[in-house]
């Protein structure tokens, strides 16, 4: 080991890190007190964005092959869990930024124009790599999302748009789930049968229920019809395709069946970690949505109303993206296809045996 | 002290408290495992709702008089801070409920029909007492909000609708703020002058800026015009009244001026605690909004999509209420009226002297 | 379904729940304002304790057999994760209780004597069932921990002491880990060889390092000797037994080896969920410790110093329990036995094959 | 506005910020995956430390004068509240770091030796400026706390030790509290009288209580004696000085009386914001303590036990600092001097009038 050895300040390059804060308001007079907080909050976010992208490199590396090693699925789930923890910290960070009042923000906000978070290349890369596509985006003030990025930042983000996304890689991995079609077993058909029987039984119950008035009976039958329609996209490929055309679904038909299968039979050893992985994707999607929403509330608190005609205000745009810019919405929509566990078709022994641990098979 | 003395279990009436959990799913067979979690989460919420209502009793008690004692304003701010902490805990509680998966919820959710949070009388009382009025509400499935409440619950909530709300009491208290019109000083006029001069100077700058193209100049003048319009409601009582008619404002014209005055001159000793109080009202409003939004995300995760015609789904209704059922939105909108601190009109010495601490005046 | 159907208030037994709060201070005069908060906080804790005990029933039910089904290990890990979330909420709850000042607590705290959290039967049951034994406990004021419990509460807790604890059930499950001794492979011996070689190499490096002064060399050799000693309990059953006698270890020798094995080879499919389960046990242990510590800080804030002779004060006792009443400390201490992954002995192919998923074995 | 205008990436100096992460483990081979997380976490901490020091500059600037403007006390309380929020975020950040397992840490931790948090100059500056003195510190491995700091870092910290600390500035401000000695009123004497009467009454009650056995009576009288002793430091300057000599108290006798006065009469307008300020100091002290404790738990989880003779391990040192390195402990100890509000001596009208708002005095 070298004399003196590694020094904390050098290791973390603190001289560089801690001299990277320059208040714009300080260039024309006394710096506004709260501008440093504004800078630090955003720099902290950018450090965490770098970390998220790094973990996504690892997760996407794992899913970049046609044969994902079972060992790596556990690692992927764990790293997605880390990304989730970072996003939760990111939501909490807004508590710190909200110690700044609108009046204090006004002391320096005009100095920042036209800079804004729209120019965060790393944030756009995270969105793109998760799976947010151009066609999914709401465009603020009718400009494409990368319009405000400059030079190398824009190139970097455009380049990212050419690469595979986590959404599509997970979709491909789901499509490769072996158990949904194995031997004579086809999960979809097995499930269709159970659902059909269940709905038929429900219809019988409604029709023959002596306690129901005609109007009530009609209402219940209508509700049942709606329930039946819900399952159509799952059982009928063309209906799924049609709904997908209209933006109703994003995952492929096969991937959807696999995701549902994993959700239903999550206790089988082969599916326990895959189920955790899907849960983490939903947690990430949801926490990013919560962050967007809280961010929009904060912008509204800072800027107030925008009275005028034409265009939506910044915070209204941000609020709409909370809803619209979700990537893994299909996993949430799977709940539509669930049936009570008691009605769940048991897996054929041969299939179930394939879904266990090797050691247990011997016993 | 009595022999034996007070016993923890008796003090907290644990025998009663801990025997109040009965799973519906357990009445027809084996109880679904996650039903107890569902019950406990909601019972914990109801305990906290009781606490919130109790603190609101105290705060509203303080504001129920025409002459709120300066000593009590501090207490009110502190208790509103406590309500805020409870609401933050309420948001965190959703993390615990989200350890329940949609599949597990399906094991017992049909047993709960038609019970739902719409029937939480305490939650409705909190909404009503904060200041949410019938006309502000979005009605789910076209039923009035109290339609699902039964008997004593409905009476209790209707009765609450007859009483003063925190919003209106705070509005009345704001209207009584003495400093905005004192001696020859009228804050509104003093402020109008500064704003007018500022906007006139901005217009001059735009018109004479040689670097601007005609199109750019027009755009900036339009933006300036919009900025001018923003202030109209503050300076012109009839415009405020008209916007209030359309639901743009809720606070009275005088209350709005007082709230702005407190926000601008919050460092003056007489306004420090009032500013904290207004901030706590905004924190409560915002946290309740965040809770509503997260709750809607969770319901969506549990139920999935509702495919069908007519009516909005439960989670869509909940999501809209996050936006629409805000009570103190006007305090957030005040940011519209702010001007940079450097342009702020200094208070006349006579007024400022009235806003200090007695002891300091002697010095 | 009955006419009207299930009603929220009846389902949650709100009449019962919300009439279970009686302030002691109110019996002798005007109730102290903050006493309701004190009651509600503790009642919320007791509701969550009930939930934790219910989840522990399920987890302990899973581990009560000699052949834990692989399917159930995933469920156990998930429910332990739920207990962890509840404990995190419990820590957050202290933020709400800390909105009560010491002066406000003094308004009613004398009315509560001698009741205290020492009399929470459910909390004691949680401790006992996790695995805290009488001999591990620090006794406050020299009384056994159950001395302050009365009647049925004490019986219930004593009865719980007769049953298996989660610690011991997990220990037994760890001892049954098949892979640590399989065919000609003994993990302990394989590991010993690698560690011995590694330490021998380190010793060689130190002895032959020309840059070291004699005093420095001696210091480094002493450090190495200490490192060697650390591993003794892992490789030598009698040394483990001796350290266990002195309270150094709690897990059996075999369970310790299994826990280390799982930690080192956690990526193997058969160990992914077991590793998550061990992690959750550590998370629970750590969060309970954090809660104890924060609770002690809060008691200190409320009561202040206890100046006097003899005995420790309440908050000092609580602070010591944070350290002493840990149950799964051995899992944390495993870090002592880790070696860099690069030095880790690869598993024999035959053993590794047994640790995979059945389906993957065919491919 | 300049052509192009301010750009987000330039404003936040992202090129500089995001190129400041270099893994040590990457210098000798493939970088350990988790080393980036380790770097990012610590860099985020250092950004927040810079922010805390900046806010302390402002707060200490406010308290650096003999006549703190009433307007500035509100600002100081608000900025201390911001520091508290940042510290809470700092505690949460440990959740992210704990997604790193001990095995993953082992992949690169040897590359970091001998760098450690002991070399964080900013953290030491925060400690020193809050008020932690050399004599208060526990020294790790018998080295003074600044021994591990190098060059400019050490100079900077030593220089900070020469400046006023927040503790001492607040102490001086407390000593200047006018109301505790005003006209013929001396708070200490007024309080002594009430406490003496109260204790005398308690003693009478014990002596004449027919229900008490002799042994019980003795026990209660001993407890009462202890209670009497508690107040000695408050009423007797020489006893306070003696206890201060032994490290029992840190605040001066006069400052202690003022802090108690503010705590008791916090509702008076002149004391509302000072009470908030003292509360924030306690919140900061407590949260820093919680952070130290959680950090020690995490280090223990990462490193395991340190078996050997001599010296304490890193995590044991960290755990002891949680207790020992508190700065505002006296404010917590004030609870010792509290008496029930009902027994509180009312302030003389003349004094109370001085503690109000000017405007209210006229009314």
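Each chain gets a letter, A, B, C and D, in the order it is written, and its residues are counted from 1.
By our rule, a residue touches a chain if its C-beta (ideal position, glycine included) is under 8 Å from a C-beta of that chain, and two chains touch if they have at least 3 such contacts.
What you see is a predicted model, and the numbers here were worked out from it, not measured in a lab.
Engineer: Through how few touching steps can subunit B be joined to subunit D?
Structural biologist: 1
Engineer: Where the centre means the average of the CA atoms, what chain is farthest from subunit A?
Structural biologist: The most remote chain is D.
Engineer: Return the distance between the CA-based centres of subunit B and subunit C, expressed in whole Å.
Structural biologist: 40
Engineer: Take the average of all CA coordinates in subunit A, do the same for subunit C, and state the distance between these two points in whole angstrom.
Structural biologist: Computed value for the inter-centroid distance: 32 Å.
Engineer: So what's the Cα centroid distance for subunit A and subunit B, whole Å?
Structural biologist: 29
Engineer: Which positions in subunit B touch two or more other chains at once?
Structural biologist: Only 266 qualify.
Engineer: Please name which positions on subunit B make contact with subunit D in the complex.
Structural biologist: Those residues of subunit B that touch subunit D are 70-72, 74-75, 178-179, 266-270, 272-273, 276, 353-362.
Engineer: Which part of subunit B faces subunit C closely enough to touch in the complex?
Structural biologist: Subunit B reaches subunit C through residues 1, 4-14, 16-18, 20-22, 24, 33, 36-37, 39-40, 42-44, 46-48, 50-51, 54, 58, 78, 81-82, 85-86, 88-89, 92-93, 95-96, 99, 111-122, 150, 153.
Engineer: Of all residues in subunit B, which touch subunit A in the complex?
Structural biologist: 101-103, 106-107, 110, 226, 229-230, 263-264, 266, 279, 282, 286, 289-290, 293-294, 297, 300-309, 319, 322-323, 332-342
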